[in-house]
Amino acid sequence: MKYSFRNDYSEGAHPNILKAITDSNSEQLDGYGEDKYSLQAADRIRKELNFPDADIHFVSGGTQSNMLCIGAFLRPYESVIAAQTAHIEVHEAGAIEFTGHKINIYPGENGKITPEQIQYAVDFHYDEHMVVPRLVFISNTTELGTVYKKAELEAISAVCRKNNLLLYIDGARLGAALASEKNDLTLAELAKYADAFYIGGTKNGALIGEAVVIINQELKSYFRYNMKQKGALIAKGRIIGIQFNELFKDNLYYNLAGHANKMAMKLAVGLQAAGYKFLSEPESNQIFPILPDELIEKLYEKFEFYIWSKYDDRNSVARLVCSWATGEDAVDQFLGEL
Amino acid sequence: MKYSFRNDYSEGAHPNILKAITDSNSEQLDGYGEDKYSLQAADRIRKELNFPDADIHFVSGGTQSNMLCIGAFLRPYESVIAAQTAHIEVHEAGAIEFTGHKINIYPGENGKITPEQIQYAVDFHYDEHMVVPRLVFISNTTELGTVYKKAELEAISAVCRKNNLLLYIDGARLGAALASEKNDLTLAELAKYADAFYIGGTKNGALIGEAVVIINQELKSYFRYNMKQKGALIAKGRIIGIQFNELFKDNLYYNLAGHANKMAMKLAVGLQAAGYKFLSEPESNQIFPILPDELIEKLYEKFEFYIWSKYDDRNSVARLVCSWATGEDAVDQFLGEL
Amino acid sequence: MKYSFRNDYSEGAHPNILKAITDSNSEQLDGYGEDKYSLQAADRIRKELNFPDADIHFVSGGTQSNMLCIGAFLRPYESVIAAQTAHIEVHEAGAIEFTGHKINIYPGENGKITPEQIQYAVDFHYDEHMVVPRLVFISNTTELGTVYKKAELEAISAVCRKNNLLLYIDGARLGAALASEKNDLTLAELAKYADAFYIGGTKNGALIGEAVVIINQELKSYFRYNMKQKGALIAKGRIIGIQFNELFKDNLYYNLAGHANKMAMKLAVGLQAAGYKFLSEPESNQIFPILPDELIEKLYEKFEFYIWSKYDDRNSVARLVCSWATGEDAVDQFLGEL
Amino acid sequence: MKYSFRNDYSEGAHPNILKAITDSNSEQLDGYGEDKYSLQAADRIRKELNFPDADIHFVSGGTQSNMLCIGAFLRPYESVIAAQTAHIEVHEAGAIEFTGHKINIYPGENGKITPEQIQYAVDFHYDEHMVVPRLVFISNTTELGTVYKKAELEAISAVCRKNNLLLYIDGARLGAALASEKNDLTLAELAKYADAFYIGGTKNGALIGEAVVIINQELKSYFRYNMKQKGALIAKGRIIGIQFNELFKDNLYYNLAGHANKMAMKLAVGLQAAGYKFLSEPESNQIFPILPDELIEKLYEKFEFYIWSKYDDRNSVARLVCSWATGEDAVDQFLGEL
């Protein structure tokens, strides 16, 4: 069996989560996210956010969260601004367009849309023959593993507010972002800049589930109706609530992401020491080293990971992903093969 | 704490399921339903269906299954034929219409659409100013707890094939149907009549998840693209695969449903003995007794259950639901209050 | 060549309209409804409505108007309340559902939804598993040729306002309604009860086009974006503007409809005198006599008209429609055949 | 009154068209495009195409044609490949996304997508997390006034057929393309390369209307249902049929476009003689000269035209459009101001 660095959802759940699911198993609880664990989990998250009024909803996946929120927040003629690397643009099989909305894409830098590109998008669209850009989509960490700094987020938020744009953050790997050495943001600070976002569970130690957070008062109403209509209201909602209740106890969420980042940084340092460069700066639990195709062949005998893209005739960009469960010995073995 | 007969998703999962999730937790597995447990579960189901070519996909809920399948199977101008009690008509917040399709509703009988009503629907729509009915939606058990007999399903299937209609079965409570004393169908027989259906897990002992079954060859292609686009492709697909792998070992699926039915029948017999009548014949784990409002008040002191509808000035229709986990002592206590 | 009573769009346009199109043909005018004729026409309509703030938009057809308005006015989980005879329910090939919205249908009486049925619809839908009824759709004249009286419209409007429902009127044959002997409403009064409606041109002497009227301030914003997105913004918008500019000069709109009604009433009186009954009371330019199949066969030798439905083994309901261009001699000939 | 070079839909219709509308006005004709003029017009177009099996449908505008065809031809997860200048990408307010489909955009050259970019799009999308590109959208003339040569169209068609892609051509200005001096294609040849396209009427002498042409047998079925559902089935369909019946008599369609092109070329030659350059090569009735802002100011005193974009600090790109009705004296006056 080869060891896999393919992604951060290869293993099951953190043991605390399994224990909590097992311990509560025989309790009769209300359905559709109205059980006590879901309510407690929401309270923990609100406390962490320092936003007592935030609405928290638990859903089963990231694409679902994105299509649900964007579909709920926008009017039919409104569009999304995103970097061309954005998950919604490339890897959601047209889920956003299925809800009827165009994504206006711009090049971005290091996986990040820039305030200038946002302003350009707004200025470019000026009459009724064109869509109305209304929501900026960013991912933190980005699809290239990079992390938004406080100043960057502040600048994006400022251009959004100036132009009446909503800011939505795809937090599939928000734990990895907040636990990154490069990070200078707290979850509470991030919440001040965003109108809505989701906190990823699946890729940070949960079996299934993400927590949608709605900060902007105007986006809250009838959200559960939108959830039901999009197939996102889970009958045994407890299954997600229980998990987030554990993840937000005793810093577990940050600790799990911290471990994943630490393992990835060890890989990155070792790769750098061996002379390899990266597609984007290693900042979180996903790193993108540029490796000779021969070396990749050799590594493939013992490890699994994805090729992100061809780099040139002899080299490719690999994607190595660590998780809360990645063993340090596996990292050492990998580095030993270089 | 009052005992709840509100529904069949009040408790967690059957212990076998929890054990299998726990035992496999540290294994690294492929994502998106391509792990070995999901593959095994699909094989078990195919064997049970006696359809080696059936496609099996695991999704997170019933509304998701319905909107996904109907949205994938139909062309834009095509519509669904359903009874007015159908879940998609009343209790899915417009999920089918969100995918762009009209539901043509007809009265049905005991929660079942009739072959005559289906034929009427086809005949009524005849030119391009009208939709083209193309799919018949039924639920088994029905939303009134009744069970389709083999002859009924055969007759519906015949009218569908004669008129080039697809037959889709919502099997949220398919276990309860197949385990009903009134049932004369096997899962393999049911599969012969249907073009596609789903086998409900959430309401029969699973934590989360349903198994979509596609029998009709023409409906299979690109289905996973449709899943991704609708937010239904789960990253840690193992969570659902493992559960169905357990449910379809050693008849567990039928045994769990059989227990739920048995408890409901005991309630029904006791209620009948006490002189109460029912909105629809008690045939599965959901029963709908007509009770005096005073009695309901009294029962509410110790039990939780939903009122389905007003019956007359002094009586209401209650809905009592039993599950795989319902205790016989709770049933006895309930009957003791009558 | 048989004379046709099939519908009120069999002939071209009223000569005044053709003349205005021809006279203005060589003028260079702005596109997309911003030409002087469209602006003048909108002003004339606003004056007629006595609503200086009403927004007027010209579109190419009735189904387009309905899907455009309903799609623009509703949020995704919101639904439409309509009678089961409603054009949007039966004869628009699922256009409303294409925009993502469910239609909740109720029996109606004489083609009219009742305030009680509206209230029932509101009361029936109470939680997030269900759609939220938000707009009442009525047609005036109805699809059965009947006309809303002031008191009826007032009662419907009252139940709408009480329940935060929008009232939208399909005015494909609004001229026939307002010119009916049974009518006791002015256009200005009707506008007070409605949030939006359209004034039909195609079926009352225009070549093409309907005038959407938005009264409710909250429904106005970005409507032209919705028009463009639904393919409803016409490049040479002058073609519709010029026509409405003529229709609303010198009562032409009412006079044309008055003629159509008068011819239909003459047919109705003659049919009644000959002993025939009607499916619905003859009140406008569409009448629905119940005729022996043998007589229909005979009439078909000289006239064209549609059969609406079978009545019994020997009789059918015919639909006879008169237009602004129907000749009185054709009516006399028809009656001569009875 | 300033003379307008803003667009090719500033004037009314060619006199032959007005005459035909007037002459047929009192005839009773079938609705919804089944009148004799629509049938004749379709026959004329089929003859011109040399495709006796082509389906011809008349609709009210270009955006409507695009959303209707793309929505009808694609399955939900399928996408469109287009140049970033494409009308559907920039100037249709999200109409394609409203039908649920993503547009994958590529840079193009001179407003034309290249075979290499199409192949890249196909190769880039390879699994169920991504859309499936299925239709290539091109405009002829392009949005930059350029014309597809036979060899270019052949190469695009070849890459489409190799990759199972449909080729759809937006022919809003197809007349201008076919009448261009640079053109080496007949309408019949173009039809061999395309699966479907539309022949623009509005921008070539008609009052309103475009003719959708479906060549590919598999795309034909139930198209009128799609038209009805999208609000595109016109009750008095005669209004469009009569116009195309005239346009395709005696080469009128080509002659009108030829005049528009000739006037634009005269402008282009004069501008070139005066030393001005162009954003794209002048090839049809739209030209894009780069002019000093001061000159633009001066021209604005006597003429109307749009600014396409800023060129640099002192110059802008103007868009000058001629039509079937543009007077040569206006062209001479314009050139006299340089």
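As written, the chain order gives the labels A, B, C and D, with residue 1 at the start of each chain.
Please note the rule applied: a contact is a pair of C-beta atoms (placed from the backbone, for glycine too) under 8 Å apart; a residue touches a chain by one contact, two chains touch by 3 or more.
Keep in mind that what you see is a predicted model, and the values were worked out from it rather than measured.
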Counting C-beta pairs in contact, which chain pair has more, A-B or B-C? A-B
Need the most distant chain from chain D, centre defined as the mean of C-alpha atoms. B
Starting from the mean Cα coordinates of chain A and chain C, work out the distance between those two points in Å. 50
With chain centres defined as C-alpha means, what is the inter-centre distance between chain A and chain B in Å? 33
Chain B-chain C separation of Cα centroids, rounded to whole Å: 42
Two-or-more-chain contact residues of chain C, please, as numbers and ranges. 76-77, 92-94, 98, 100, 128-129, 131, 225, 228-229, 233
Name, in rising order, each residue of chain A that touches chain C in their complex. 71-72, 75-77, 100, 128-129, 131-132, 222, 224-229, 233
Parts of chain B lying in touch with chain C, wherever the complex brings them together: 76-77, 79, 90-94, 97-98, 100-103, 105, 128-131
Interface with chain B, chain A side, in the complex: residues 1, 3-4, 6-7, 9-13, 15, 18, 21-22, 24-31, 60-68, 92-95, 98, 202-203, 207-208, 225, 228-236, 238-239, 325
